[in-house]
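The block underneath contains the structure these notes are about, expressed in structure tokens.
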Amino acid sequence: MAAISINVSTVKPLGDRVFVKVSASEEKTAGGILLPDTAKEKPQIGEIVTVGPGKRNDDGSRSEPEVKVGDKVLYSKYAGTDIKLGGEDYVLLSEKDILAVVD
Amino acid sequence: MAAISINVSTVKPLGDRVFVKVSASEEKTAGGILLPDTAKEKPQIGEIVTVGPGKRNDDGSRSEPEVKVGDKVLYSKYAGTDIKLGGEDYVLLSEKDILAVVD
Amino acid sequence: MAAISINVSTVKPLGDRVFVKVSASEEKTAGGILLPDTAKEKPQIGEIVTVGPGKRNDDGSRSEPEVKVGDKVLYSKYAGTDIKLGGEDYVLLSEKDILAVVD
Amino acid sequence: MAAISINVSTVKPLGDRVFVKVSASEEKTAGGILLPDTAKEKPQIGEIVTVGPGKRNDDGSRSEPEVKVGDKVLYSKYAGTDIKLGGEDYVLLSEKDILAVVD
Amino acid sequence: MAAISINVSTVKPLGDRVFVKVSASEEKTAGGILLPDTAKEKPQIGEIVTVGPGKRNDDGSRSEPEVKVGDKVLYSKYAGTDIKLGGEDYVLLSEKDILAVVD
Amino acid sequence: MAAISINVSTVKPLGDRVFVKVSASEEKTAGGILLPDTAKEKPQIGEIVTVGPGKRNDDGSRSEPEVKVGDKVLYSKYAGTDIKLGGEDYVLLSEKDILAVVD
Amino acid sequence: MAAISINVSTVKPLGDRVFVKVSASEEKTAGGILLPDTAKEKPQIGEIVTVGPGKRNDDGSRSEPEVKVGDKVLYSKYAGTDIKLGGEDYVLLSEKDILAVVD
């Protein structure tokens, strides 16, 4: 097996997953938002890079994703799987872990 | 990616989520209400700022939200995700975490 | 946002929730009932003040509540959310946490 | 609110619950039965006093209860909610916690 | 309430439960079987004395039991509720806790 | 009750269970396979001796088993119930605990 | 029972499982990807060798797998069952544990 070469455009999420570029923390306060670190879910902001085909229903059909490429989203910091790619932080999230679109 | 600029009007909750402005604690006793701090769920009062499109059902339809913008609501303090925006406290809640409308 | 003013008549429970006035403990022994404090669920008595619209079913219809305003009910002390209002104790309960009507 | 007066005949269980008079422990060995105290579920014997209307199904219909008033039943000691009434022990049980009818 | 008198023939299991006479341990090795005591489920052998009417389905119908009176069965030692009756060991099991018929 | 005599051919698994003869550990390395002992599920190899009638569906029909007698299978070592019979190791497994057929 | 001989081509996953060859860690950084070791799910890259027949639905039909032989996939390191075969690392995964196709 040859070496696997990955870049942002080759990541295709499965099912209801989305691929999100994590926003740097200085950007987060730029708009006046402050994400408090409490005992509750910790929010994080990112921009959607790729959207999966949607959740497969029991009858084989798919639920249309509620978000689209380019959406800035708020999600729980503890959700999903972190990936570092070319020095940037990304996260693979289930759509249900996205709390809100923020732009 | 440019800096993300967020303000209250740009937060669009997904699914059955609502965006709620947390009431300051002096307001909470104004009406004579006292929210005891017990081992059980801790109640909190807030006003709904934005309502998501509603919970998506298995058949793709949506359940109409039971609350609307402007409703004063009682919810569990431990539910949802806290956000501070322009010096004010907000919370993103699932509609099922709202216990009652209180006005 | 103006101060939120709450009184008993303004609390409208959502879904299958009911708003219950907790009975004072001297009343509990008046009828000869004794609610033992065991390792199991601890029972409590109260009177229903307001009933929510009923549990929303998956098809959007609602299940009619099994209790009505004025019913004296027995419920688990550990269920629901406590609220103090005008010096009186109230609790917001899901209907499923009500064990029995007792009058 | 007037004092709540409760007696056995006024307890009306909701849903699939039944109201059971706990048998005194000397009765339990009378018939030769011995209920061992193991790490597993601890059985207890009682007599059904009142039966609720039955479990409400998702379509609004009710499942007919499998037990009736007067049935002597075996149930798990750790199930349900204990109530003492007029010096006697009672328990509010879900029908699913009843293991067997024993007469 | 008169003393409850119980014997084997009066125990009528509810739903999908079966009433099983536990085999004495000397019988268990007679056929060459050895039931190891591991961190996993501990098997036990018994003979079915009474079979309940079968599991009630959501539509009110019942699933026919897969076992019958007289079947020798293998079940998990940690399942069900132990009862001692006339000096003999019995157990009330859900049919799903029976692993195999062994004769 | 007479002594229960068990041998391999008399074990009839219920539902979706299968009766599997555990392969001796020297056989496991014969084909070059090495089953690492990690914090994750520990795999084990065995040969199916008897197959139950299949999982009963909610409508009373049965799902046809995906494996058959004689299949060599890989399963999680922590799944199922161990039985020693005539000096040999056996295990009663749910079909869902079988990871793959390996021949 | 003869010794079981296993090689890559004889492993046939059941249901929605896939058989995946784990990529060596030097390959993982070749494309610039870095898989951080956080408290969250730990990602791992591999190539699909064999795909099972698909998840069996409640009505007996099967859901078509979303991945195919040869796909390079990202999955959670803590998912599935590790197998070493001929000095190489493999893993048996449920399709739902695959996060994304990465080529």
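In this document, chain identifiers A, B, C, D, E, F and G correspond to the written order of the chains, with residue numbering beginning at 1 in each.
Criterion: a residue touches a chain if its C-beta (ideal position, glycine included) is under 8 Å from a C-beta of that chain, and two chains touch if they have at least 3 such contacts.
Model, not experiment: these values are computed from the prediction.
Engineer: Turning chain F onto chain G with a C-alpha fit: angle in degrees, nearest 5?
Structural biologist: Here the rotation carrying chain F onto chain G measures out at 50 degrees.
Engineer: What whole-Å value do you get for the distance between chain D and chain E if each is reduced to the mean of its CA atoms?
Structural biologist: Chain centroid spacing, chain D to chain E, equals 23 Å.
Engineer: Could you grab the centroid distance between chain E and chain G? Build each centroid from C-alpha atoms only and quote it in angstrom.
Structural biologist: Measuring from centre to centre gives 41 Å for this pair.
Engineer: If a residue has to touch 2 or more other chains to count, which residues of chain A qualify?
Structural biologist: Residue numbers touching two or more other chains: 58.
Engineer: How would you write out the ring of chains in order, opening with chain E and then chain F?
Structural biologist: E, F, G, A, B, C, D
Engineer: Would you mind writing out the residues of chain D in touch with chain C in their complex?
Structural biologist: For this pair, the touching residues of chain D are 1, 3-7, 10-15, 17, 19, 52-53, 56, 58, 60, 78, 80-86, 92.
Engineer: Given the complex with chain F, which residues does chain E contribute to the contact?
Structural biologist: 21, 23, 26-28, 30-36, 38, 40-43, 45, 47, 57-58, 61, 63-64, 66-67, 72, 74, 76, 95-96, 98-103
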